[in-house]
Amino acid sequence: MGRVFAEPFLLINYKSYLEATGRRALELSLKIEGVARETGVKVGIAPQFCDIERITSNVSLPVFSQHVDPVAPGAYTGHVLAECVKEAGATGTIINHSERMLRLHDIERALEEARQVDLTTVACAGTARLAAAITLSEPDMVAIEPPELIGSGRAVSRERPEIVSDSVRKIRSVNSNVKILCGAGISNGEDVYAALKLGAEGVLVASGVVKAPKPEEVMMDLCQAIRRYSMNAI
Amino acid sequence: MGRVFAEPFLLINYKSYLEATGRRALELSLKIEGVARETGVKVGIAPQFCDIERITSNVSLPVFSQHVDPVAPGAYTGHVLAECVKEAGATGTIINHSERMLRLHDIERALEEARQVDLTTVACAGTARLAAAITLSEPDMVAIEPPELIGSGRAVSRERPEIVSDSVRKIRSVNSNVKILCGAGISNGEDVYAALKLGAEGVLVASGVVKAPKPEEVMMDLCQAIRRYSMNAI
Amino acid sequence: MGRVFAEPFLLINYKSYLEATGRRALELSLKIEGVARETGVKVGIAPQFCDIERITSNVSLPVFSQHVDPVAPGAYTGHVLAECVKEAGATGTIINHSERMLRLHDIERALEEARQVDLTTVACAGTARLAAAITLSEPDMVAIEPPELIGSGRAVSRERPEIVSDSVRKIRSVNSNVKILCGAGISNGEDVYAALKLGAEGVLVASGVVKAPKPEEVMMDLCQAIRRYSMNAI
Amino acid sequence: MGRVFAEPFLLINYKSYLEATGRRALELSLKIEGVARETGVKVGIAPQFCDIERITSNVSLPVFSQHVDPVAPGAYTGHVLAECVKEAGATGTIINHSERMLRLHDIERALEEARQVDLTTVACAGTARLAAAITLSEPDMVAIEPPELIGSGRAVSRERPEIVSDSVRKIRSVNSNVKILCGAGISNGEDVYAALKLGAEGVLVASGVVKAPKPEEVMMDLCQAIRRYSMNAI
């Protein structure tokens, strides 16, 4: 899949944090873009639905929706249509985040709707086994995020490294191409470095960046860890 | 409440119709704005979340979100925060549409979130009794839409006039100020006129306008009916 | 409505507590029945679905289901049909408990299904305003239970007496007949007495009885408070 | 797993059909038991929750719940606890039927709760891919039932044989032991025979038996097809 690249990927999830809403979402995005440009690291951002258009008009980072609904165009008031997300300029979408879980059947349908408009998909799961299960529906990326560590400040890659390595093994046993991300509790460069060493090919970060007093400094720390890892990996 | 005005109100719900998504949502909005300006009728539009910003930047009609989630700012991936809707320029929001129903408890919480950022609220219900029930939570407007007539092309105000008049009576018995709308199947001026005669103070229209070959013509028909009614009412 | 009686009512909700599951649900029910008989207090019990039949076959107390689904007989795998609850011997059902909340529309439908098979309905709500709203759908009893006090050991009737009295006032403003219960945190006779003094006509108790080392002693305390109140009220 | 046997398995899902509720559920069960005994075919039945106890007390067939909730014992009003289902005498449970779908995360948790009380699990999915995905969570049996054929009278094994064979292949690629069932539209012996020939090891039937004028005759037809298949297979 052309859309999925070789380098490590850093996806910043804005959730519904006030620090990343509206005007502040745009300011945060510009800071993140600055660091991404300076370090050359591949970074994506996932703002709220109503902020997507404002950000894609002003920032050149790849933008992900936080969710799309498993519906085709039609009489669906209050739903998030993949087509609409796409037209607002997003290039991808998260699906089945632990704060917006879907029924198994709907995960498959949401992935299909996203694919039809060529959105890159990041499907989330909370355990290694479910990460493998969700991979069978062929998202572009799969993210393992143990719910109990989300927002905890304790990084999955250092607190529970076996979850990451077990996920990588289970996912690879059913699919050799999907890009594997991990997340939950990641807030500094060492957390990121540890994740990549365990076989993850990218990380999801939320409060670690969004709620930091100086998000650009945290971003710099995360991105330098990715560069350090990439150089050692050669 | 200053936000709720005396004249009849026409709210166009774009749902997730492709004809009202992205660039086409903006084009439709400009057409609707033209007719509203020409006739002087009070018209609101309810586009999809990701289209709100684009439309509020280019159109001066009041814009409503199709839904907001019953959550305060925080770790809520994939949710629709009232604050974010507001910053995108919306002035109001629909809540509990029959295609996006909420639990009773969450209706109250969603209304509260909307009120805190000063969004005008339109709470929907499918029966006269539920319309009265939802009115107790003090939305700015309440809309009665029998689900079985939504999208049917058979207007509630002409097929089932007793539902409208019964709703008006039940709602007024618990609240004397809330603005009462009705909807479902409304697609021409006569449907609108009939609704207003039954005591509704506005109407919700969706496919009748959005999927019409010439939306501006349907809009003109609807708005002229409102003007005709208003003149007779003096 | 003949089914709703004048005396104060005590409804024991077994939830999914292990102490009130299967064989232990029957033992608990027999103890509760003993105290009810001895004191002459009107007591109902709400065991889990699969325990209803076993209990109604062995105990003469009125048995309530903890929930029924808003569906008529048909292709609904895994649903709780009012008809089935009724055939198992239950005489009533709780609807919209805060641990099993329904969408507003479904509350009305579930009440209707229950009524069609002549089940006595106890509709729950978490705030005074929602209690009044739900009363418009005409349940036989309405129960106000602030979610934040449920299972807290702090009785709503003593911690937040204004919620009870405000609920009574709001409910009576829309309906003069519905029986008004309150619950959350109630665990002794004084809590019950306080509730009745505030205008409640019955109480819901769960962990206070179910998880007590000696449920029969707590039951005796609760029932004596009801008798004391009834005598003073004459 | 000792609980899963070699012979083809026939599971009759009573859904919420009135013909299979209460007293009538017991009568139907006795008829099914008669045919199972006479033909020696392995048959299970899945009645409604409130009917489980009555049936397990009077019928010796293995009884399955139609659903269990993903919760451990505790403050869960209106939920279906695996422990309670077990104490009522059930030996297994269906999970994630297309009429009672769960979120991916909850499927895993419900399976775990069922396993802890030693209930045999039948996890359902609507597509071959999802059937393989759900198999990764290690149910005892997996059932593929395309929702569009459920209740249609058009048997999946004859209308869409490729779905069955594709499911068998996809499921076997991730698990060699799970027992594979199929269902949707199956109503006679030829449908069953076709399913077994395609690699299914059992079938789910609902309306085909429950709503038949003479359920015992349909059962006889289904069971004889299984015997015929088993004999040819030797």
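First chain written, first letter: the chains are A, B, C and D, and each begins at residue 1.
Basically, a residue touches a chain if its C-beta (ideal position, glycine included) is under 8 Å from a C-beta of that chain, and two chains touch if they have at least 3 such contacts.
Please read these numbers as outputs of a predicted model, since none were measured by experiment.
Among the remaining chains, none touches subunit B as well as subunit C.
Per-chain CA centroids place subunit A at a distance of 35 Å from subunit B. In whole angstrom, the spacing between the mean C-alpha positions of subunit B and subunit D is 45.
Counting partners per residue, subunit C has 98 as the residues that reach two or more other chains. Under the stated contact rule, the graph of chain-to-chain touches is a ring, a single cycle where every chain has exactly two partners. Every pair of chains meeting the touch criterion is listed here: A-B, A-D, B-C, C-D. Those residues of subunit B lying in contact with subunit C across their complex are 96, 98, 101-108, 125-127, 129-130, 132-134, 136-137, 170, 174.
Interface residues of subunit C, counted against subunit D in their complex, comprise 13, 15-18, 21-23, 46, 48-54, 65-67, 71, 73-81, 83-88, 90, 94, 97-100, 150-151, 206-207.
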